[in-house]
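So that you can tell them apart, the chains are marked A, B and C in the order they are listed, and the count of residues begins at 1 in each.
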Amino acid sequence: MESYSVKRRIFYDRLFKAIIIFLTFCSILPLFFILFFITSKGISVINWDFLTQLPKPVGELGGGISNALIGTFLLVTIASIFSIPIGILTGIFLSEYRNGKLAYLTRLCTEILQGIPSIVIGIIAYIWLVIPLGSFSALSGGIALGLMMLPVIIMATEETLKLIPESLREASLALGVSYPRTVLKVILPAGFSGIITGILLGTARIAGETAPLLFTAFGNPYMNYNILKPINSLPLVIFNYASSPYPEWHKLAWGASLVLIILTLILNLFTKLVTKKWKIQF
Amino acid sequence: MKAAHFSKVAFAEIFFRKLLSLAGVFIIIILLAILFTLFISSFPAIRTFGLYFFSGSTWDPVRSEFGALPFLIGTLATSLLALAISIIFSLPIAIFLGEYFTQGGKATFIKSMIELLAGVPSVIYGFWGLFVMAPLVRKLELSLGVAPLGVGIFTASLILAIMIIPYSASLGREVISLVPADLKEAAYSLGATRLEVIQKVILPYAGSGILAGILLSLGRALGETMAVTMVIGNRNSIPNSIFSPANTLASIIANEFTEATDSLYLASLVELALVLFLVTTFLNTLGKWIIHRMAVNR
Amino acid sequence: MSQKITSLKEAKMQKTFKIITILFILFGFGQIGFTAEKELLGAGATFPYPLYSKMFDVYHKESGVKVNYQAIGSGGGIRQLINKTVDFGGSDAIMSEKDQAEAGGPILHIPTCAGAVVITYNLPGSPQLKFTPDIIGDIFLGKIKKWNDRRLQEINPGTNLPDMNITVVHRSDGSGTTFIFSDYLSKVSNEWRGQVGKGTSLKWPTGIGGKGNPGVAGLVQQTPGSIGYVELIYALQNKMPYGMVKNKKGNYIQANLKSTTLAANTTLPDDMKVSLTDTDSPDGYPISGFTWLLVFQEQDYARRSKEKAKELVKLLWWMTHEGQVHAEPLHYAPLSPKAAEKAEKLIKSISYKGSSLIQ
């Protein structure tokens, strides 16, 4: 600080700030490129037919993604049924037994589970569900997605419940409410918004997952409501059609991408709304 | 009667507590089951190839010779390159949000954009990469005199970098905002400019946390499948240049899993998955531990 | 005050959620009984996928049976059939003995049509090129690296070949198309046979990989100077040029319905496991091949019902008879009377608990 002038230091300081701001705004450019590209290519494809029709055979024009929409919906539902109850219970466990050895192990396992690449989860679901059941199925795809959603819900629940002050619990117990009732009817509702946030975020994350579905849900050109049979989904449509040489299929893939992005955006917006409206301040 | 009511309540409580513990145990069991399954299913390959699995550079399903070296190199090359590229952007974002603009309109805007970037599904990144980035890279390759494939390690690294920016940026931001205010104030009161505070106080202090963020991003990059599969060129041999096509651990599994036509082939693929699982777990655990230590020690 | 409203809302939401959940479970499980038998699941080759997707669409309209065929490559078809996760597999590769042994029971190869593997490329102006067997081999071995190589220019005197690198595009997944192509190359090139061999997944000396026939076609379409091998229909549907190939008798043949049919007109063994490459027919296209549907001969396995087996046999019969009309418009060669006869015999030999399912 002795040898160079204050002016120079201030100059570097300003330059640095400018570079930081520049690089930051640069890094969000790809987002705009992607959104612009998908919107411009996909918007012309989306119409009522697109959303309600089944895909056509190879090389024929037209067709739609109705079965993929239903498929994504069903898969997310199955994943939720699997992961929400267990996830919330585990989250409660972790926030109640914060420092126990079991809690430590559980937390560790949850974090590891969250970091497992989705393709590995797909392999696991294949070995656990597809081979024994003898068929690809929506169920196996849903469970694979559920395994990925589980850590998200667990951690969201734990974080939310940890923030709830002890005084609430103490007051309830002091009034003679039993422990299970206290947790379920007092503490849990207080953390409702945080838990819903976790669920929505988990849903947004798995709605776009493809890798686990490659060997589980498998795909289906028809409409399917049977969870024991293969099923189509939006990410699968995008993957299959994008890798094809047919321009018509590329267009369908752009349309499906736009639908998926809009879905994700809506879920994220919903999350923000929920947090604002239902968050109980202490 | 009061006694009976009391024991009913006690029973409900015990039952409930046991249920909670059961939930905790359930997660542990699931994880162990995953590890166990991966081991058992890859055992034929482990037994046949031993450690040569990792040094073998031949992946030949016809002759049942499986060596993972091409994919280890492909994975490392793409992930490290992606990491390097992403740091150029995620560190500035972390500093932007953690130091310069912690509140207010600009902060919310950038934060939301970053969240959106993270929310774009992998397959859409791959799709966009194939149709937008690959032609651009092709032009670049033509001007450099290299084979104009468009797909390959370079393209995959670019897409991967964009995908992990949000991850490392938000971790970096958290870590930077953990730096105690009094340390910064002390430096300012000595006449340091903001840059100097960042250089000499914040970054050194948050250094290990940023390192942890890097480790976690690396873990994320290693396991990324769909986007990489669509733009990496799918070549099962050791890449010899940054523009070469290659395959990563994740992409080879995605490509060949449904059709591994014999049990050694399948076991080899599962062994790749096992390696992926172990490496990402290691990186994630290490990273989280470093951050935990940092948060505890302040 | 706000807490009460929240918990009421929450209680309502919980109830609705529970109801929806129960409805879905009932719905999902309820479908099992009604529709299980009227659905068939297949997986495999992308080679005949355009034809199969048309056939299954028509079959659904005519019979109400849904056939879900996922084109994941012949390797995938074979694997999933062995794993018993699908009803039938589609493959243009003949099952290896190792796979056959792993399957546990005899697997029939029922031919559905014949197709041609064409050499497609991406060059400015899309010129019509000629190829000889040794040149194809050397290109895919990586020995001929440039389009204006002397040997290529020699057999294409009328065309000005550009000074571009040749980028080979091959399959990244296990492929029957690769099987047919490598079977051909193994016959016409000693070096290929020794270095690479024939199979569904090869150790390619050079090039980039695409997933499925569509993937290869897509990559060739997008990469200037590239060359790849795809089934004829993929080149036609995407208006991509493909080369004429010199066959055994020395004639340069264009791949089309006629030349493929001629190549298929050879002695057919009873099990129909025959290769059509490097045909002796003077006007036959040398890189042709049958594609098959693979099924277990004995259908009583893994809790399969007799009804399901019957549906499968009905489908196979339809595909080899009424369904054949859809082959020609898509440039696939329909089964010759001889081939159809052999196919019929094979289908009739499919049994459930020993007794034949069709007379």
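Some points to look at:
Just so we're on the same page, contacts are C-beta pairs under 8 Å (C-beta built on N, C-alpha and C of every residue); 3 or more make two chains touch, one makes a residue touch a chain.
Keep in mind that this is a model prediction, so the values were computed, not measured.
Ranked by distance of CA centroids from subunit B, the top chain is C.
For the criterion of most C-beta pairs in contact, the winning chain pair is A-B. Chain centres here are Cα averages; for subunit A and subunit C they lie 35 Å apart. Between subunit A and subunit B the centroid-to-centroid distance comes to 16 Å (mean Cα coordinates, whole Å). Taken residue by residue, subunit C touches two or more other chains at 43, 210-211, whereas all remaining positions touch fewer. Shared interface positions of subunit B, defined as residues touching 2 or more other chains, are 258.
Residue positions of subunit A with contacts to 2 or more other chains are 243.
Of all the residues in subunit B, the ones that touch subunit A in their complex are 9, 12-13, 15-17, 19-21, 23-28, 30-31, 34, 37-38, 41, 88-90, 92-93, 95-96, 100, 110, 113-117, 119-128, 130-132, 162, 165, 169, 191, 193-196, 198, 219-220, 222-226, 230, 250, 253-254, 257-258, 269-270, 273, 276-277, 280-281, 283-285, 288. Note for the complex: subunit A touches subunit C at residues 56-59, 74, 77, 81, 130-131, 134-136, 138, 185, 189-190, 192, 218-222, 225-230, 243-246, 278, 280. The touching residues of subunit A, when paired with subunit B in their complex, are 1, 9-10, 12-13, 16-17, 19-21, 23-24, 26-28, 30-31, 33-34, 37-38, 86, 89-90, 92-94, 96-97, 102-103, 105-106, 108-120, 122-124, 126-128, 147, 150, 154, 178-180, 183, 204-205, 207-211, 214-215, 235, 238-239, 242-243, 250, 253, 257, 260-261, 264-265, 268.
Touching subunit B in their complex are the following residues of subunit C: 43, 72-80, 82, 96, 98-99, 102, 165, 167, 172-174, 197-204, 207-211, 219, 222-225. Against subunit C, in their complex, subunit B makes its touches with residues 58-63, 134-135, 138, 147-152, 233-237, 245, 255-256, 258-263, 266.
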